[in-house]
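Chain lettering (A, B, C and D) follows the sequence in which the chains are written, and residue indices restart at 1 in each chain.
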Amino acid sequence: MNSAVTTPRGTGTRNTRILGVLTIILMVLLTFCGLIFSGEDINQGSTVRIMYVHVPSIWVAYLAFGMTALCSAIYLSGRNRSLIWDRFSGAAGEIGVLFVAVSLVTGSLWGRLTWGTYWVWDARLTSTAFLFITYIGYLAVRRLGGTHRQRARRSAVLALIAILEIPLVHFSVNVWRTLHQKASVADPNAKVALDGLMLFSLFLGLIAFTMLFAWLVIHRQRSLALEDAVADRGLDAAIEARREEATN
Amino acid sequence: METVIELNGVVAVLGSFPALAGVNLTVQRGEILLLQGPNGAGKTSLLRVCAGLMPIERGTGTILGIDLATNRQDIRTRVGLLGHTNGLYLDLSVEQNIQFWASTVGASKDEVANAMRTMRVDGRLAKVKAGQLSAGQRRRTALASLIVRRAEIWLLDEPHAGLDAAGRDELDALLRNAVAAGATVVLASHESERAASLATRTVTVDGGGAQ
Amino acid sequence: MDHASFIIGSWVLTFASVIGYAVYVIRRGRELSKNATSEEMPWT
Amino acid sequence: MSTVSQRRRVAVAVARKDLTIEWNSRILVNQVAPFAAIVMVLFAFALDNDGILQRVAPGLVWLATLFSMLVVIQRTFAVESADGALDALRVAGVDPSAIFAGKSLALMVQLFALELLLVGTAVVLYGVNMTLVGFAEALVTLLAATVGLACVGTLYGGLAGGARGRETLLPLLLLPVVAPVLIGATRATEAAFGSGGTKVSEGWPWIVLLLVFAVIFAAVGSVAFGPLVDE
């Protein structure tokens, strides 16, 4: 205990620090490549530069929600039901919500430039919005209270339902758009002719953001573990206090 | 003697409050165990844990030989709990309520009629909505629904509350009959004199523990 | 660069949200780890 | 664990109990149905144009259904928690999937009645004309949509109604999930009503979507209801 006080405390370790520094370097590189070095697209002009943050954000969001579902499944299927999987789900869910929000906003800014409007009822946009709301619900359920295990089981089940529901929502929204009325604006997948440096920037963005996600999820998982530990310590103290009631 | 309830260092929490802070308790078949203690001592939580309703956070326990940590669902089919609330549907009549609880275990019409007669909620009362009953009548209805459930362990939280003198005598007789038929009774009560004369053993619950 | 405000805005918004969240996570971790025992921090 | 016949018996008992409660209290008839009707009138005020109303009538019917459904679901779980009956059900060892089936079944019956009323209101208030085939299609749509809605509604209603202070969670959880039903049912109903010149035959694929949704959530619900509701 004593020796621990002298060492710097927190959720970081040597490895996460290395990961963090690498992430920062790649992010700086990405900024230069994306904003300065890379050229303009033939169709989209300079607006294509939004892509280098927008696409990696939504990629991270999908990655995060996938991880939430995967860790929830591991939690439920594990024999000892280790809470670490629950915390990984929670951390990934939270980060996913952050990145889906970021990509919705950057996407609508991009949309304003290329389509002339912030929002179109395009299938992909609409189902992304649903994704956002669904996982806000997931985070709300995580905060419902109860013991750690109650929280873990409830939210793990919900995460698995969500992953089932997403394709259904996506499919129906998709059919809704394509059958009902043709999108009046440009295809959101408008062919962007990417030259070498642009492609490089996009890949750089994907790698940098994935590393960022890894860094965030590790730290968040650890700080969630500490939150649980604080609650457990509170419980120990409360049990002591409760026992003392009896002797009086 | 057969042990039907065995709890070792059981901790159960309500939110972040440890309602039970390490309970050790052993109950044998055929006992009528009285739980005594001040308000907030943990009597209700103890009964809910025994019913498999409240999860245990720490410690171990078995009810009727079934592990509390893993198989709470199996325990529930074999115990009966009468809590603070009566578990009645206020918009259903007395008879409809008892009939419903009977149908969840597949009890026959005769059993329903018998239970209603035993708790004197037959006749005119049978057609009255539970929401319009007096507190004592509701308690009787809840007890009648408990009878049809044919529980092996009866867990009763303040069963005498709201009952008149005749009702209390009937309840005591009912519990003695149930025990004679092989059941075990655990009850929490403030009616210490009456309950003590009924009980075969008394345990004091305080500060989330039991002595 | 055309539409510089939108483009820079997107980048700034992205990085600001991420940095804001990262700072929150790190701070919370530091604060909580002050009283934590080593067993509660298996990564150390 | 419990056998299939036991489960079926309990499910029927739970469904009958919920419907008896409705029969005794008439909350649906006396409160929810008038609420749904007034919503339909308010839509007319807000849109204030006969042509538009006729065109969007199917969507309004289903929006009104969703809003009323929230009220009905809250009611069906308030009934359980008013006197601790849900605890009693749990302690009775009743299989959660049987409770789920029973409560969904009762909710289906109530929702179906409500939807019939809303379609009737649309026909009267918004001047919708239906052919006989269209009417049959509308009925099939109602049935298919109702099964899905009742299953998801019961699932999330149980989660949100399990404890105090969670009522506000229900719309947040439920409305995103039922988007496919709203889309499918609205399109199918448009075909049935012939709104905007849609042909009756265009509705059937949407009904397939509704059925897929219903099957998925009936299955998910019977597995997930226990862990979600049980503490």
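One rule holds in what follows: a contact is a pair of C-beta atoms (placed from the backbone, for glycine too) under 8 Å apart; a residue touches a chain by one contact, two chains touch by 3 or more.
All values derive from a computational prediction rather than experimental measurement.
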Inset, instruction - Could you compare the number of C-beta pairs in contact for B-D with that for A-B and name the larger? - result: B-D
Inset, instruction - Please name the chain that ends up farthest from chain B once chain centres are defined by their CA atoms averaged. - result: C
Legend entry - Separation of chain C from chain D, taking each centre as the mean of its C-alpha atoms, in whole Å: 42
Inset, instruction - Averaged over CA atoms, how far is the centre of chain B from the centre of chain D? Could you give it in whole Å? - result: 36
Legend entry - Length of the line joining the C-alpha centres of chain A and chain B, rounded to whole Å: 47
Inset, instruction - Please report how many Å separate the Cα centroid of chain B from that of chain C, as a whole number. - result: 52
Legend entry - Junction residues of chain D - those touching two or more other chains: 231
Inset, instruction - Could you list which residues of chain B touch at least two other chains? - result: 55
Inset, instruction - For this structure, give each pair of chains that are touching. - result: A-B, A-C, A-D, B-D
Legend entry - Complex contacts: residues of chain A adjacent to chain C: 1, 4, 7, 9-13, 27, 31, 34-35, 45-47, 49-50, 53-54, 57, 95, 98, 101-102, 105-106, 109-110, 112-113, 212, 215-216, 219-220, 222-223, 225-227, 229-230, 233
Inset, instruction - Note which residues of chain C are touching chain A in the complex, please. - result: 1-4, 6-11, 13-15, 17-18, 21-22, 25-26, 28-30, 32-38, 40-41, 43-44
Legend entry - Complex contacts: residues of chain A adjacent to chain B: 145-147, 149-150, 231, 234-235, 238-240, 242-247
Legend entry - chain A-touching residues of chain D, taken from the complex the two chains share: 155, 159, 163, 166, 169, 172-173, 175-177, 179-180, 183-184, 187, 209, 212-213, 216, 220, 224, 227-228, 231
Inset, instruction - Please name which positions on chain A make contact with chain D in the complex. - result: 130, 133-134, 136-137, 140-141, 144, 146, 150, 153-154, 157-158, 160-161, 164-165, 168-169, 171-173, 175-176, 179-180
